[in-house]
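Structures for review follow.
Each of the next two complexes has subunit A plus one more chain, namely subunit B in the first and subunit C in the second.
== the complex of A and B ==
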């Protein structure tokens, strides 16, 4: 199978599997999980091949725009693919069990979103073309929206879903702008080609714009300051989705993209410094908020934001070790954080209690969950022999080796100490602490829900004890892929007595102290309401409110229901734009067109048109006005006819006839003499706008006349109409053959407009009828 | 406002206009005309009938609901593009052939589609306007 087939299997399976599973009763989980498991096996089998060279597959998509559907599987993509499918398998199993009390349709719907999300994620991390990557990237945002708002009867969930969509998809638009700029400057959208030859982008004057756009895209997706607020709010999603999207995979996409572009941005040191700054600020805010957070999932969410900040900072650091640290931390974090989310989900599901401080003494009731949590939090705290320890060693090594060592190490020690404390509190308090009031457990540990955390927690220990399991197969190819050049990677448990070990020891000691005094610290920080003001989503609310207010204001102004205002606005805007275009053009305002011989019959026709217009503008009788407008229209059709445009003339005649027929039907319901609803002042404004409009159109017409007429198209169609379109009527051949797709679009517009008018007329009459009581 | 003269000649006018609209539609490829103009003329024919003999008579003459006519037109226009995909992989590239000495092509299917959309579109809301008036 090649990559595109795998993705297609994933897509088709994602649509079918949930509905099959919904009818399978107890077997639902294993059935639905078979899809990600099969995909995991396929990606696992590619490890050897990817170790030697990336797997590439090119499918043409929009060749005229240089957009190919190129899929490329290298070490870094493979690491993500294995995490996505591996954790995806466990999430699917877990979700089937977690949702078992819901109606079958809701269960199927949830699994559908989860599996579709998995497909979109796989496509994002294997796409080599940036435009294709963007499309899949936005798909993940959309599915995240659906999953956060899954409990759609909850207003808070809907609000959080909208917020996550506006932030991530809005950031995605900035990313699209950045991608287009990259494509323009580099001449290609291929990630591999861009990173292989970064010179055109680094030398471009647009580099700052590119960086800002890409960073906005990445920071919104990965919840970096100042967009960090959406991720904790997104915890309204059901816990399996939180574990999958908002911890292990999707939120790492921003990090993924930054890591991918690291070989390019490494050439501009200020980009790295920016990443370190934003990553550092995010880490500090998230650590503080994690200490203040009340709910179990919120604590996990803030610690995830801190981890994402750590990753962004690591990417900003220079030196090859940072690549190893990024890869190692992504793997370690995915393993322990998914476990912790799973366990938190089990606790919440069993106790219906979401607040951390209310929980206690659960070790006796949920023993396996307690064990898995303990293992995962040891890894999170960075204790040996867990993989978290190894990744933390590299984290400090990367910081010490970089040119920004002091600040990076200080922030690193502080934030990691908080993480140690959080890990300790999470593992000990709910399971071994004393509960304030007795906790009621509605059910024990279900097999479908407990298998995921056990497997992940044990994997974390196994990788830590025997790092060679992952070092050659995963870590090395992935680190080399993002570093851009081969280098020696050593991923080991024991490095000897190094400065990194000393820092690790310091972090654990500090963390232990913090954990010991967690209660007083937590309560003291909670009382500081000022943090709510500073770090909440207040800014988002303000921007949203202002935007809505602006929309309301402009709608009230421009679309107030008075047709005359609509007309005036349109005419005035066109006049303004035309006038600006004419003023800024070169040459005299009134070009010399040259005199043409006066044709008397044209003068007569034009006089008719003018007379029609004047009459329509001044008469109070609506019927007279309609006839006058019709007169101008027929006059115009005559002008077309006299100037060799029979098709246009014929159309104009038909349209004018129908216009009169239709408007007459409307008029039958209106009084024949209209009361003038315009004051004399308003009429003067209307007259001025109309006069300016006419003057601008006149000048524009003269300009068009003054330019030599480009006959290229006319000649092309005249020559090719009969041999290629088999028709002598060039206008018709263009409409039905050369530009048939345009015509198809136009008749679709006609159809939809007519449908709209039809529906409006019905509702109007229905209201009137009910008004009459009939 | 029923006029005796109008109602007595309306059927004849309608027949002439409908025949004329089809003629305009069919000649369109080589002479001035085509689906759009033909559709407008056809719609005007139905409008005449509706004015003279009432909306119900015009609706009965059309047989199908105007919105259905419109949808049928869009569908025909779409279908006319499919042979193009099958032959040289490009939607709406029209195909030509001769059957028993008569030149046939998918363009006429497309143009009939345009015709039906215009007729259906105009009539869908015009019938409603006149129906309101009748009540």
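== the complex of A and C ==
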């Protein structure tokens, strides 16, 4: 199987599996989880191949624009793919059990979203073409929206879903702009080609614009300051979705993209400094908010934001060690944070209690959950021999080796100490602490829900004890892929007595103190309402409100239900287009139409037409206006008569007469003197628009006359009328013979107009009967 | 001569548009009629004018005389006049019925389908507070 087939299998399976599973009862979980498990196995089998060279597959999509469905599986993509499918398997199992009380359709719907999301994620991290990447990237945003708002009967869930969509998809638009700029400057959308030759982008004057656009895209997706607020709100999603999207995979996409583009941005040192700054601010805010958070999932969410900040900071640091640190931390974080979310979900599901401070004494009731939480917390706290310890060692090594060591290390120590404290509180308080009031557990641990946390927690230990399991297969290829050049990677548990070890010790000691005094610190910080003001989504609300106000304002202006405004806008637009066309055309504005002898009769007739029109337009009395319109119509009939069109003249005379008679007859029923319906100002505007339009038509008419005349059709009718149409009046022959179908259509139009008028005017029409009441 | 014709056409469409932008339904119909006439005149003129001989083939001849008027625009104009009349008649019926059931000829007051000024009632006030 090649890469695109795998993605196709994933897509088709994602659509089919949930509905099969929904009918399968207890087997639902395993059946649905079979799909991600198979995909995991496939990606696992690619480890050797990817270790030597990336797997590339090109499917033409829009080749003329350089947009292809290029899929490229290198070490970094493979790491993500394994995390996506591996955790995806466990999430699917977990979700089937978590949702077992829901109706079958809701269950199938949830699994569908999860598996579709998995497909979109796989496509995003394997896409090499930036445009394709963007498309899949936005798909993940969309599915995140559906999952956050899954409990759609909850207004807060809907609000959070909309917020996550607006922030991530809005950032996605900025990313698209950045991608297009990159494509323009680099001449290609291929990530591999761009990172292999970053010079065109680095030398481009558009570099700042590119960086800003890409950073907005990445920061919104990965919840970096100032867009950090949406991720904690997104915790309204069911816990399996939070574990999967908002911790392990989707929110790392921003980090993924930044890491991918790191070889390019490494050439501009200010980009790295920007990343360190934003990552650092995000870490500090998230650590503070994590200390203040009340709900279990909110604590996890803020610690996730802090971790994402750490990753962004690491990418901003220079040196190859930071690549190893990024890869190691992504792996470690996915393993322990998914476990913690799973365990939090089990606790919430069993106790229906979401507040951290209300929980306690659950170790006896949920022993396996307690064990898994404990293991994951140790990893999160960075204690040996867990993988979290190794990744933290690299984290500090990367910071110490970089040129921005002091500030990075200080922030790192502070935030990691908070992480240690959070890990301690999360593991100890709900399970081993004392509950304020007795906790009721509605059910014990279900096998489908407990298998995920056990596996992940044990994996975390295994990778920590035997780093060679992942070192050569995953960490090295991934780190080399994002560093852009091969280098020696040593991912091992014991580094000897190094500064990093000392920092780790310091962090753990600080964290232990924080954890010990958690309650007073938490309550003291909680009372400082000022943080709610500063770090909340206030800015988002203001932007949203202003945008809506602008929309209402423009709607009031443009879509206000006033027919005159609509008409004036349309007329002005058409006039503008006409004028533009005339002015941008070749030659002078006014063409030379040649001198012709004036025909006195016709000059008088035309004067009559003009007079009739002007009188009709300005006179207040409707009767006078009708007569004036009729007069100008007679003038047109005279023009026909004097230019060889007696048939036309006859028709025009009859129609004009009928018009005057009908409208006057109708006016008998209507008020004859109309009060002015326009203010003087509006009349001036309308007169200006109308005058401009008339001027454009005048010039256009002259141009028609000035252009050479094609007589082909005229001559054809002139010579074929008698032999083929057997008629001597050529106009009639054209109407009833050459263009008979058109004439038939015309008759149909007249018939329909008559039908419509009859329906409107017959006594007691339906409109009048119902219209009054409406 | 073309300039004179073009001026007449411009008068038709200019005055027609000006009247169509009115909010009085009958004036809009009159404007529509003027616009129709302007369009018809333009079609007629674009087929070139000047001769007074109608496009009729005399008995005995097989083809039109060289100085006869152009038949094609005349055929088009004939169709246009009739369709324009049908349109006007329908519009007159519409206005009459509108006046009978709504009691007004002012299009501002014909707003059962679309409210004037605001897409929905509540935001009008919030615009003032936020905008």
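The criterion applied here is as follows: the second predicted complex is superposed on the first by the 581 of 774 C-alpha atoms of A that agree within 3 Å, B and C clash if a C-alpha of one lies under 4 Å from a C-alpha of the other, contacts with A are read in each partner's own complex, and residues count from 1 in each chain.
Convention: a contact is a pair of C-beta atoms (placed from the backbone, for glycine too) under 8 Å apart; a residue touches a chain by one contact, two chains touch by 3 or more.
Predicted, not measured: the structure shown is a model, and the values here were computed from it.
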Touched partner set for A:748, first subunit B, second subunit C, both or neither: first
Partner chain in contact with A:462 - subunit B first, subunit C second, else both or neither: neither
Touching partner for A:632 - first (subunit B), second (subunit C), both, neither: second
Which of subunit B and subunit C A:38 touches, first, second, both or neither: neither
Touching partner for A:737 - first (subunit B), second (subunit C), both, neither: first
Which of subunit B and subunit C A:281 touches, first, second, both or neither: neither
Dominant toucher of subunit A (residue count), subunit B or subunit C: C
Touched partner set for A:11, first subunit B, second subunit C, both or neither: neither
Touched partner set for A:655, first subunit B, second subunit C, both or neither: both
Touching partner for A:139 - first (subunit B), second (subunit C), both, neither: neither
Contact residues common to both interfaces of subunit A (with subunit B and with subunit C): 646-647, 651, 655, 658, 662, 666, 669, 728-729, 731, 735, 743, 750, 753-754, 757, 761, 765
For the subunit A and subunit C complex, residues of the former touching the latter: 545-546, 548-550, 552-553, 555-556, 559-564, 567-568, 571, 593, 596-599, 602-603, 606, 609-610, 613-614, 616-617, 622, 625-626, 629, 632-633, 635-636, 639-640, 642-648, 651-652, 655, 658-659, 662-663, 666-667, 669-671, 674, 677-678, 686-687, 689-691, 693-695, 697-698, 701-702, 704-705, 709, 713-714, 717-719, 721-723, 728-731, 734-735, 739, 742-743, 746, 749-750, 753-754, 756-757, 760-761, 765, 767-768, 771-772, 774
Sites on subunit C touched by subunit A in the complex: 1-24, 26-27, 29-30, 33-34, 37-38, 40-42, 44-59, 61-64, 68-72, 74-75, 77-79, 81-90, 92-97, 99-102, 105-108, 111-112, 114-119, 123-124, 126-127, 130-131
Partner subunit A, residues of subunit B touching it in the complex: 24, 28-37, 40-41, 43-44, 47, 51, 66-67, 70-71, 73-74, 77-78, 81, 91-92, 94, 96, 103, 105, 107, 110-111, 113-114, 117-118, 120-122, 124-126, 128-133
Residue ranges of subunit A in contact with subunit B within the complex: 646-647, 650-651, 654-655, 657-658, 661-662, 665-666, 668-669, 725-729, 731-733, 735-737, 740-741, 743-744, 747-748, 750-751, 753-755, 757-758, 761-762, 765
